[in-house]
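Heads up, the thing below is written out as structure tokens.
A, B, C, D, E and F label the chains in the order they appear, each numbered from 1.
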Amino acid sequence: MITDSLKTAADTLNAAGQPAYGLTNLINNHGHTIALSGILIVFLGLILIALTISLFNFFSSQVQKREQKEKSRQEEEAKTPAFRGDEIPTDHLIAITAAVELYRRLHLDPIRTKVTFDRGEIHTPWKTGYKFGQRIAPRK
Amino acid sequence: MHILEKMVMTTGFANLTWGSAIMIVVGCVAIYLAIVKKYEPLLLLPIGFGVIVGNIPYNPSLPLGVYDTVANGASQNSVLSYIYWGVKAGVLPPLIFLGIGALTDFSSLISSPKSVLLGAAAQLGIFGTFVGALLLGFNGLEAASIGIIGGADGPTSIFLSSQLAPHLLGPIAIAAYSYMALVPVIQPPLMKLLITEKEARIRMKPPRVVSKTEKILFPIIVVIVSSMIAPGSLTLVGMLMLGNLLKESGVTDRLARSTGNALLDICTVLLSFAVGASTQASVFLTPKALGIFALGLFSFMIATAGGLLFAKFMNLFLKEKINPLIGAAGVSAVPDSARVVQHYALKFDKDNHLLMHAMAPNVSGVIGSAIAAGVFIALFQ
Amino acid sequence: MHILEKMVMTTGFANLTWGSAIMIVVGCVAIYLAIVKKYEPLLLLPIGFGVIVGNIPYNPSLPLGVYDTVANGASQNSVLSYIYWGVKAGVLPPLIFLGIGALTDFSSLISSPKSVLLGAAAQLGIFGTFVGALLLGFNGLEAASIGIIGGADGPTSIFLSSQLAPHLLGPIAIAAYSYMALVPVIQPPLMKLLITEKEARIRMKPPRVVSKTEKILFPIIVVIVSSMIAPGSLTLVGMLMLGNLLKESGVTDRLARSTGNALLDICTVLLSFAVGASTQASVFLTPKALGIFALGLFSFMIATAGGLLFAKFMNLFLKEKINPLIGAAGVSAVPDSARVVQHYALKFDKDNHLLMHAMAPNVSGVIGSAIAAGVFIALFQ
Amino acid sequence: MITDSLKTAADTLNAAGQPAYGLTNLINNHGHTIALSGILIVFLGLILIALTISLFNFFSSQVQKREQKEKSRQEEEAKTPAFRGDEIPTDHLIAITAAVELYRRLHLDPIRTKVTFDRGEIHTPWKTGYKFGQRIAPRK
Amino acid sequence: MHILEKMVMTTGFANLTWGSAIMIVVGCVAIYLAIVKKYEPLLLLPIGFGVIVGNIPYNPSLPLGVYDTVANGASQNSVLSYIYWGVKAGVLPPLIFLGIGALTDFSSLISSPKSVLLGAAAQLGIFGTFVGALLLGFNGLEAASIGIIGGADGPTSIFLSSQLAPHLLGPIAIAAYSYMALVPVIQPPLMKLLITEKEARIRMKPPRVVSKTEKILFPIIVVIVSSMIAPGSLTLVGMLMLGNLLKESGVTDRLARSTGNALLDICTVLLSFAVGASTQASVFLTPKALGIFALGLFSFMIATAGGLLFAKFMNLFLKEKINPLIGAAGVSAVPDSARVVQHYALKFDKDNHLLMHAMAPNVSGVIGSAIAAGVFIALFQ
Amino acid sequence: MITDSLKTAADTLNAAGQPAYGLTNLINNHGHTIALSGILIVFLGLILIALTISLFNFFSSQVQKREQKEKSRQEEEAKTPAFRGDEIPTDHLIAITAAVELYRRLHLDPIRTKVTFDRGEIHTPWKTGYKFGQRIAPRK
């Protein structure tokens, strides 16, 4: 990176190991050049990533909009169940779903499922999960 | 009684130096902060315990400490030296990144490309401190390792130091983790100084939902782009993104679970403990360590300021303003600095939740620091 | 601007060769097949990602890739080279077999001793390909390693290659896993060619229930018998059966769980990733690799045909006919080939479930391949 | 294995490293002998395993038959419970059992239990489990 | 037919010696005891299987066994030798202690300081046997490793032997685990001999509840005190207490869980299996091994007697008498000897539950043995 | 430890490696001295630990007593719930709690909770847990 000559220069200096400080040390070690090029490379890398994201954001957004429309239609239909049996308390339901989900995860590995709790009004402890970089649903 | 007398003279109590005593107290303080203050307990607790273990005085002829390796006979190597090898050879940090990748959700980043740049701006802390360390008289390799403290990513700091300046690994790691724990103390004053109340009140649109396809493409693209630009970042970014792909693919859940739990936890314990145990008073209590701690603080401050100011600068050109506070989250210290932003913003507007928005520069800063580390590796190794 | 210009010239973009570009595309295809087609995703996904990481171009002076080890200085070894060491030294495959053993149920095999022989017949693929590879000009060690592809067991292939022909490890591993993933494409035409509809309709009696004692004795007997006959199979069969005994004993559940989950998953990720990263274009895109891929396909076809024909041959002497389709499951590729048998049989009789019956030759083929590997190890190492 | 002399011969040839192909290479490497002996050893090993299995299959089958008879008698008795309380929905029961089982597995390691679901008519997701070599109960 | 004939002559069946045959039977007996008698199954089962694997006869030119390492070529090292390295280098026992620490509850010990001394008294077994082994003609290093069997802690025994007398590691480990499994047979006769019925009926007050703060301070204090007194115990006590601190701190639950499950289980399987495989008949069936087994039994008996008699001695000075039976639990063998105490006491008074009280000397004995090991390490290494 | 001179002596003897036994071997290896000092060091270490425990036991006991008083008061208050809804069978409750607890442990790592079952009269399998050094509640 940067230049092979720079590298050689740096190596030579390190080998010589003359203890120095202040501007002399900075210049001897090409500190200003390295710092400048370094931050430029970091920006370059992240700008490229940002551009790529923007690009496929653009393409996917259209696809997603269509999908979401269809989904919301389907969900509305699904919201009116054909048959409503006995009322089961929400807490029981959540516990049972969690148990089943856990059982599957521990024993039936290859099948992938995901439990999602609809956000309701009740504040239950299951909604407090927090992990690195986890999304939180936006406030309505 | 003659032998008993001698025996007492050879115990650790008799060999105790002021240095070891101070370091044992330091270890206890770290444990206290971890348990009572809940400052990064997953790291500070084993580090603190390691500091205690590493500073128990013993007869130097015994192979007990992390540095007790003798090339010409495996039986002369201490067990701690084998664990420390995982740190020194740079193996544990990438494995930790594998596990972290399997736990990280990059969707906030994917949904807001602009925020990526804030993660770049905060890396000013790294290069600023690199210059600062050179001014203080450190050599290039040392200066690079010290600068990376400003990246606020433990594994990245340890990885780079292990490759470039292993003799400074202890103080650099301790400084990095200490300041990461102190982010809630370091950042708010800088926010107050640089951000006006009006800016702090800016609300941002909720980020869009990110599709599974995007989440799968993201790690692949990031590893190609960042390692093309800075090949030295290949190891760290590669492992981070492998973990993330395992998580997001939806077909390798059991791999993501094991790497994100068992592997991550075991490597974290061993790395933190070994790093702690490497802080033997004789190598730790030196003027250099003092310099490193001073530069580390400087580094975090520059990084924070860099992120905040760059966010303000971006607002000059953006129609849809971003809240410049989220620039501070670019220093990484995932997820602490994002939480600091959230709390700070709530002081001005109790309904302005920035956490999600701050996660974007937060994780972008991880990639940025890894690229910066890659630059130094390419240059100095 | 002079330095910036040079800087750009040294990035990966500038060093990119056609070879690396092709391999990166290959890696992406592997990931695509893993995620979208669900072809062995636990292996193909990390392999594909490894292929990408292993083919990022970088300055050769940097220690980044799996081959970057310099004997006289640990600091010159790359992190990937340490992970790859686990493959090259043959450590990871037996650990994976330990985990697989802790997940495998041999009761279908115990309940039908006849099916054991089908697992032997399918090993014809190994020895047929060994002969074929010699005819194509490979030397004995290489031919053995290529032949083992027909064993259709990833860890066995990688273990044998690592011991006999480490320079071919990449292509052999990739070929083995690719064809295992393609079993649903390779086997049905051969079934159609060799098995009549009448045979495909043969129904088999449900297997009897196997007692716990038998399940416990089985791994002990298998390890003694197979390693007495072919001592070279001791490592693979020993670990497989240790895992199985941990599972079946009923008193070491927690050991079976940890080896069958955390250990298996972690070793799988590291092995697959390292194997993928070892396919650097310069060592992978060679005429030899092409030959290996051709021979690998040949190997799978002979193995399948061997199993099918031997089943037909056995039927000449058996009163209670077996369905010859289950012979195809003798190639291993657990559990894919057993599933192929199940699906194929259902086409002719939608109530003829052969899955359980096919599991017997399926797991027997694993033992058979390990014995075959043992023969080669004893002969060549 | 095979012969020491063969091994020596093979080693010599490999050392010489004369690149060859076709029948010459095959014969020089004793390919035909090795392949033949190899497949024989594989068959020998697996035949021995098959014989052992047959042997202890034979012995255990008798024991097992007796045991199964006793079991089925006991099970029949067990099927008429002394007391039938409130009806608990099957789904709840399964969820609760799974939860309890999981709790025990995670916290009370040394005690070994096994949850088995009787095959009923309802198709619930818990019956879809599939692992390497797992048995599926035979169709009645 | 000439080649086939020769082939048969080179199989394991032809090379089988009486020694290997006996050892294979021994391995089967160990597995039987583990499964049917439930004697320490987590250790005896993999050890027994390892004994079988380690005694399969094979051509010595093949690198298959734990001892097959050739310094000048990694490709000449067997996979088992890499696993055995973890034992020989002393790495696995401390990692196991880390996991055990994460599972151990020291509150019974914290609540009854008096019982700590019983754990010290039982270490008489170690030093008594050390003297006995010297009398039988073993050298100092060997005598120390044999003496530690009386500590009744597998990892401690293996750790010390690996450091001082690696050539005796196999017999010492097997003896240690065998007698630990036989504690319910060894201890009751000694209890009958030394404890009167009146003493056996003594009831003890229920221990007080221990606060979280005490549980957190305990591991820190123990590591400082014990390694100050005997620096050689630093590795074992340090890892044990690190694990315990992870568990008790309340802020590192995920680390405690992973070290107490995945890491502990994986290391246990690998250690036990490798130790078993190291008992090749040629190094195991020697007069020395016989002597070790005799001394091992002696060791357990002295340790038990030491604990019991010291408890009686303490009662001379205590107002609130302790039940001297709990002295027997000082030998460690956690938690078996504590259970023996409980069962024995119930014979005299079916409401006198001593389990909880016996746990205190039980875990104290673990620390005591580690300190004793530290003394030997400091002296001999 | 002990003495450097002892160590040197021991080393010399080991190096010489003259095979001996009986009292000669014991004395040559300083067996008696080592054994005596060894057991003393072990006692010293454990006595120090015992003393420290006694010390902080003393201090903490007072604190604890106070805390316990307050706790018991609070618990009594808590025992009379403000509102009693439908009776949920205890077994269901335990299962649900276990499920929730498991869900939280697996998914919401950083939050620390602990499920404790009040000791009732029913003997359920959940109370049989046993681990290294685990406390068992004293019989009342």
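Just so we're on the same page, contacts are C-beta pairs under 8 Å (C-beta built on N, C-alpha and C of every residue); 3 or more make two chains touch, one makes a residue touch a chain.
Just so we're clear, the structure is a prediction, and the values are computed from it rather than from any experiment.
Among the remaining chains, the Cα-based centre furthest from that of chain E is the centre of A. The greatest centre-to-centre distance from chain D, using averaged C-alpha positions, is reached by B. Chain F has its Cα centroid 40 Å from the Cα centroid of chain D. We define each chain's centre as the mean of its Cα atoms; on that basis chain C and chain D are separated by 18 Å.
Distance between chain B and chain F, defined via averaged C-alpha coordinates, is recorded as 33 Å. Centre-to-centre separation between chain B and chain D, using Cα means, comes to 46 Å. Residue positions of chain F with contacts to 2 or more other chains are 1-2, 6, 37, 41, 92, 95-96, 99, 102, 109, 130-131. Each of the following residues of chain B touches two or more other chains: 11, 59, 229-232, 250-251, 254, 257, 261-262, 378. On the chain B side of its complex with chain C, the touching residues are 89-91, 94, 98, 163, 166, 216, 220, 223-224, 227-232, 234-235, 238, 241-242, 245-246, 249-252, 254-255, 257-259, 261-263, 377-378, 381.
On chain D, the positions that touch chain A within their shared complex are 91-92, 94-96, 98-99, 101-102, 105, 125-126, 128-131.
Chain C meets chain D in the complex at residues 100, 103-111, 113-114, 116-117, 119-120, 123-124, 126-128, 130-131, 134-137, 139-141, 143, 206-209, 211, 213-214, 217-218, 221-222, 225-226, 229-233, 250-251, 253-254, 334-335, 351, 353, 355-356, 359, 362-364, 367-368, 371-372, 375-376, 378-380.
The touching residues of chain C, counted against chain B in their complex, run 11-13, 16, 24, 28, 31, 34-35, 38, 41-42, 45-46, 49-50, 52-53, 56-59, 62-64, 74-75, 77-80, 82-83, 261-262, 264-266, 268-269, 273. Within the complex, the chain F residues that touch chain A are 92, 95-96, 99-100, 102-104, 106-111.
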